[in-house]
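Okay, here's the structure, questions in a sec.
In order of appearance the chains are A, B and C, and numbering begins at 1 in each one.
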Amino acid sequence: MDMLELLNFYIIPGLVLGSIYALGAIGITLIYAILRYSHLAHGDLATLGAFIALALVQAGAPLLVALPATMALTALIAIGIDKGFYAHLRDRPKIITVMSSLGIALMIRAVVQVVWGVDAETYSRGIVRPEVYWGLRIKDRELWTLAFLIAAVVVLQLFLARSKWGKAMRAMSDNPNLALLSGIDNRKVIMLTWIIAGGLCAASGVFLGLNTELKSMMGWGMLLPMFAAAVLGGVGRVEGAVLGGLIVGLAEELSVLVLPGEYKAAMAFAILLFMLLVRPTGLLRGKVL
Amino acid sequence: MELAGLLNYALFMGIFIGIYALLALGLNIQWGFAGLFNAGIAGFFAVGAYTSAIVTTAAAEGRIGGFDMPLLLGWLAAMVAAGLIAWPIGKICLRFRSDYLAIATIGVAEIIRLVVKSEPELTNGARGITAIPRPFGDLDYALSQMAYLAIVAVVLLVAYLMVERQFNAPWGRMMRAIRDNELAARAMGKAIERRRLEAFIFGAALMGLGGALFAHFNRSITPEAIDPMVATFLVWIMLILGGSGNNRGAILGTAVVWIIWSMSEIATDQLPSEYAVKAKYIRLFLIGLMLQLVLRFRPDGLLPEPLRGAARSDQDAR
Amino acid sequence: MSALLTMSAVTGGYGDADILQQVSMHVDPREIVVIVGPNGAGKSTAMKAVFGLLTVRGGSIVFDGDDITRWSPDRIVQRGISYVPQVDNIFREMSIHENLEMGAFLKKGDLSAAYDRVYTLFPDLKERRKTLAGTLSGGQRQMVAMGRALMLDPKLLLLDEPTAGLSPKYMEQIFQICRNVRDTGVAILLVEQHAKQALAFADRGYVLASGQNRHEGTGADLLADREVAEMFLGG
């Protein structure tokens, strides 16, 4: 196998898949850092986002319009779920919210299955031929996926580093008691967290649907890779979630070289257990719950 | 006829409640007793089902086994196999908060599902393993059902008595006292880790046994028989509704949830087929909603955990 | 002279247990008041009562003319009391400057005057303003914590054992900073484990034991009191 073949058939698809995981993992890591629980409904929330975008596309909206609209809608839904369910459990042990989120995952999936059925769907019919750049075969949608991840991370990092509320989010993640003593309104920080996590989660679902197809179980299958990415990068670290997502995506695609294809999905699990065993703080020294 | 039909249905339901009650007891050891979040119940269930099937069926072409061993050996093997899978997972994850265990067990269930689907020499692939021997399977239908119900009832009773004994043993009380207090748990260190690991393994073994009972009852096991999310979720809602930490609550919750679940199935089966499919998902939605409501308004369940000394006063203080 | 802060017969604690029994004390404007006492005397608890972190079941707390007995901490911060906890009192993963910025979170408009004030009190911090607070030494962290609390221009600063775990050199430095802070017009109420040194430097002191008032007076008077000395100062 030559270099180009490796790049075209493993590295590029791996980076694209990794970008999709990274978008979800950022939300998981932020929720970990600020609300301090694992959000098991994150995968199914991504599914919901993908199908909302499908509805918009079928109604005639170009994907370029449908994507931001979907992100906004999903962010609102995420806030609604928090206010309707998780917020009432905030003073109980955090694991209760984890359990609640498992139930929410089931509920979201049921909604998707009732509204859109269980058959596979796509945003557009027909086969997309990859463009060739210097021997590299890349489809437009793959470029869009990578570009969106880069843009989203740059904007998010600037927001966290420069803006008052971005800093408040970091403060809440760093030391919640002191943040409260400083007068930071934790309800606003929590809402902001859900806006970011929900929006990026929807984007991750849309890009998964764009690069593969839409199925009611698509997000559930992403849950493990997204968590593996968050733990691999270091819980609470946005840049870690991105790094982790890309590594998990690459590992899954490259695993085909040594493992039967059916076990692609096992890579994320292996990475998760390996990190918990040797370095639970992750590559970039995150938190350990 | 009508009466016989009802009786048969009641027997069928009783057997299923018994099997699910074993799963709920297993989960109660893990969650109610040690605070461990297992989101991969279906995985341990499947391992038990397939293990016992492989051990007890007659030799078959194209797959490993069957070894045509006695039934009890199959059930024992089911428990051992499920426990052996739980062991490394627990070993790695129990040092951390239960969030990690939740994710890891979701992963285990997914991988077990993959193995079941893609290793035909082990599980006979999509066709599944058939002709699994059933004790007293040669009797008349109703009698055979009754006999199986009796077996399930005895197994459940034995499991209940054993778990109850552990709950009331001194270290059982200690476990529950520190269950909700992560700081205290960390301070106790290694000793607690070991107990938690034991709880996790024993719980998984009971789930494996439940899977074995299911396979022998159905006489077959196929990948479709186990819907990972639904099975796992049903057991959770059974335990939480019944009252986690209370073994009788776990069994009561199983009965209540299973009756609601299968009655709603009967109701929705009356619908025209296009709606019947959707109705299945609406039932899933409602069961998810039920969990939310129980968690919020009745977190102690129908039969709350009996107040046993230190466990409660510690909780109140926080 | 009207006191800035008056606690009158405050009874309260966490949950059901009353740790404080009828504790009374006051702090005048521009005054450093220290609370000392043996372990478990309720020193920190008394301070937390002021900041609304306690269930108060009896008595009242009046600050600057307002009864703040059952106010929430964020309201109390806005009213002009800042609190520095004993541990975990900085944002480790944020720079010194960002720590100060978070301290001024509730403040609208230009912060430059507030930064100037704090950096004048803590010149060391100004040089290292971009440094992550978690990488600093214990004494410097304490300065960041105090700086954060001073950003809102409080009238009263509450310090919970600011010198715990610090070397004598740093202890002196923190006390000196407290005097400087007082001289800018801020009253300070602090809890101290190092009773001798603290009483020597404070304007007045209270001795608590078992959640009750035992003695009060100027630092010098208390140090001279035989009973106080025998009680816990080690003779």
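The rule is simple: contacts are C-beta pairs under 8 Å (C-beta built on N, C-alpha and C of every residue); 3 or more make two chains touch, one makes a residue touch a chain.
Chain identities (UniProt): A, B = Branched-chain amino acid ABC transporter permease; C = ABC transporter ATP-binding protein.
What you see is a predicted model; the values in this text were computed from it and never measured.
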item: Most remote chain, CA-based centroid, reference being chain B; value: C
item: Chain nearest the overall Cα centroid; value: A
item: Chain centre separation in whole Å, for chain B relative to chain A (CA means); value: 30
item: Intercentroid distance (Cα basis), chain C paired with chain A, Å; value: 44
item: Inter-centroid spacing, chain C versus chain B (mean Cα positions, whole Å); value: 55
item: Complex contact set, residues of chain A against chain B; value: 37-38, 40, 85, 88-89, 92-96, 98-100, 102-107, 109-111, 113-114, 220-221, 223-224, 227, 231, 260, 262-263, 265-266, 268-269, 272-273, 276-277, 280, 288-289
item: Touching residues (chain side chain A, partner chain C) in the complex; value: 164, 167-168, 170-171, 173-175, 177-185
item: Residues of chain C that touch chain A when the two form their complex; value: 51, 73-74, 77-78, 83, 85, 88-94, 98, 101-103, 105-106, 148, 152
item: Residue numbers on chain B that touch chain A, as the complex places them; value: 35, 37, 39, 89, 92-93, 95-100, 102-104, 106-108, 110-111, 114, 117-118, 180, 182, 229, 233, 236, 240, 278, 281-282, 284-285, 287-289, 291-292, 295-296, 299
